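Naming follows writing order (A, B and C), and every chain is counted from residue 1.
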């Protein structure tokens, strides 16, 4: 028997099919959806307090959305054939339909909303900047330099509609990833109708936490004051989303334990052994309970500004680690046990291979590089830039 | 509406992009895709194109009547020749070019006849150490007519 | 809320259109091969397999024959045999082994308590296969004669189908980086030969079946034996029928 296998596994099951790159993918799309929901809080729900992070949230979503297909391409046996999903999409396949959801979200929601919000600045920059950057701005204007009151009002109106459409689109973007897993009846760790909803709420939690951390970090780097009212509001919404996310995950857990179906004993054993550190210690305790308690404390107790900031930073970081680990536990955990429920295998992450730790790390850093470029091109706080 | 000029340009870009997509799609999608179902019909032929490795018992019997005679009435009569002798389609095609190798007898017999609790009780099986004390099975048994 | 007749018709019309659209959408997501009206001559057959547990002796001939016939790479299996050991009445904790898929047979246990038997496994060529349902591009499909096949030149290697198969019969071919699995020796059965595994089986434990051929012995067999499919609760429409399948089999 294979040294990494305990018990019995079907002979073809010993090797894992989906690697750390497939863990990364839902994590990245989750950040996209969550950041966008935060942006829509201001635009649609008139939570004016979070306005300072509006543009940052949109650009963060874009930076991560651009990187999102890359782990998939690296994972595919034939990435050069991936366009087939657009040419001959199989309508019964959630994965195929997701290609269109991604495209829709990128083009009709995110790029459009960013363009409409930034258009006045783009036109101004097209007229003032020289060289290749100038040409880039000119291209982005699509040849129209009209920034009259009327056109700006129209942009605002259309942008509002786009955000309205964008909210269910963001839900669809990440809920779909949950459905890709949740609809696989062969795998009892994945197969549950709760999966899209759990994915969605954990996405919102991770996206909001990411924007919170980025806002604090960028303001620190620019040596500008942090708008505490904005930060407190973001933290409040993070807390609410977290409470819902935690409740959903507990519901799934309690349901499984209570019903104790055919797969339960095998899954329970797996959680207590191979998945103990990542599921119980990191995801549940460090990644959920600790940030929840920290955030609850800031909501209930009066704390000084710098104490709150430190807690937000700590809670935000733990949250991101926790949500990443949740993706790990779903994707990798779902492949560690045999579909015969009689055995377990091991996942050995390699380092410098196509699906190893190194490319995963590079892909996690890349969105921040892209965000830096985007922020240079499309300043998120123009009032401060002009000053 | 002059104020909507930029939006009109945007829609134009999208429409052009979409048209380009359909043009490229028409050129690139494999011929006949979707004819019998959501797949490329050529895949049926691709799957049929593999070379056959096992000729099948009737092919062997066409030439080797002496073996057919030897096996008549024996317990091994219904077993396909290639079950023991391995894939021989190449030999059946060009008998003098590809000469089959005789299998190593004892491990071959043991694969079926070594006693195991999971084998059906009625199936003839022995613990070879006790049965033959290490001697080759064909010392006493003729493979084509194994009854002693 | 009062509505005049025109409003009622308008609302009703909208509801009808939306419901039909939703139904059509859901229907296209559902699984199940509906035969096309212009299906080719292959559609004269409807292939399946019968496996008789009471006859299997675990010799592994089928595994070797399949590997030879289909150039199956080492360490991967289009078919394999499992050996079960069930103590007493505890069907929930069988001990199962399949050393190298039983390619060289099994290390013998001449004396063993409890209930012991062999179970050959392969792709079940389901009529409602979850693997075909999830393929994003149409690289795996149901042939008109009921065989689930792979289009190697079209497969992306996304591995969704490997995850979706409840029976673990798929793997990624290390050389082509596409998915591979039992093709029911499509190249053989299309020529009137039987599959390599059935050819090599010394006891007749494996039998190819053409469910559309009225003269095929499968019809009488199914009528006179208690047969089961693997994981019937998954409702995959498996066409691999097992005689004598014990409740402990996973």
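By our rule, a contact is a pair of C-beta atoms (placed from the backbone, for glycine too) under 8 Å apart; a residue touches a chain by one contact, two chains touch by 3 or more.
All values derive from a computational prediction rather than experimental measurement.
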In graph terms, nodes being chains and edges touches, is this line, ring, star, complete or other?
-> complete
A-B against A-C, pair bridged by the larger set of C-beta contacts | A-C
Separation of mean Cα positions, subunit C and subunit B [Å, integer] = 16
Taking each chain's centre as the mean of its CA atoms, subunit A sits from subunit B at a distance in Å of 46
So, what's the distance in Å between the C-alpha centres of subunit C and subunit A?
-> 37
Could you list the positions in subunit B whose residues touch two or more of the other chains?
-> 33, 38
Shared-contact residues (touching 2 or more other chains) in subunit C | 138-139, 154
Two or more partner chains touched - positions in subunit A | 87-88, 90-91
Residues of subunit A that touch subunit B when the two form their complex | 86-88, 90-91, 107, 112, 115, 119, 141-144, 146, 148, 150-151, 153-154, 158
Provide the residue numbers of subunit C that touch subunit A in the complex, in ascending order.
-> 28-31, 76-77, 80, 82, 94-101, 121, 130, 133-139, 154-160, 162-172, 176-178, 234, 250
For subunit A, which residues count as touching subunit C in their complex?
-> 1, 8-13, 15, 17-18, 72, 75-79, 81-82, 84-85, 87-96, 99, 180, 183-187, 334-335, 338-342
So, in the complex, the side of subunit B touching subunit A is made of residues 2-7, 9-10, 13-14, 21, 25, 28-29, 33-34, 38
Where on subunit B does subunit C make contact in their complex?
-> 30, 33, 35-40, 43-44, 46-54, 56-57, 78-80, 82-83, 86-87, 110-112, 114-120, 123, 125, 127
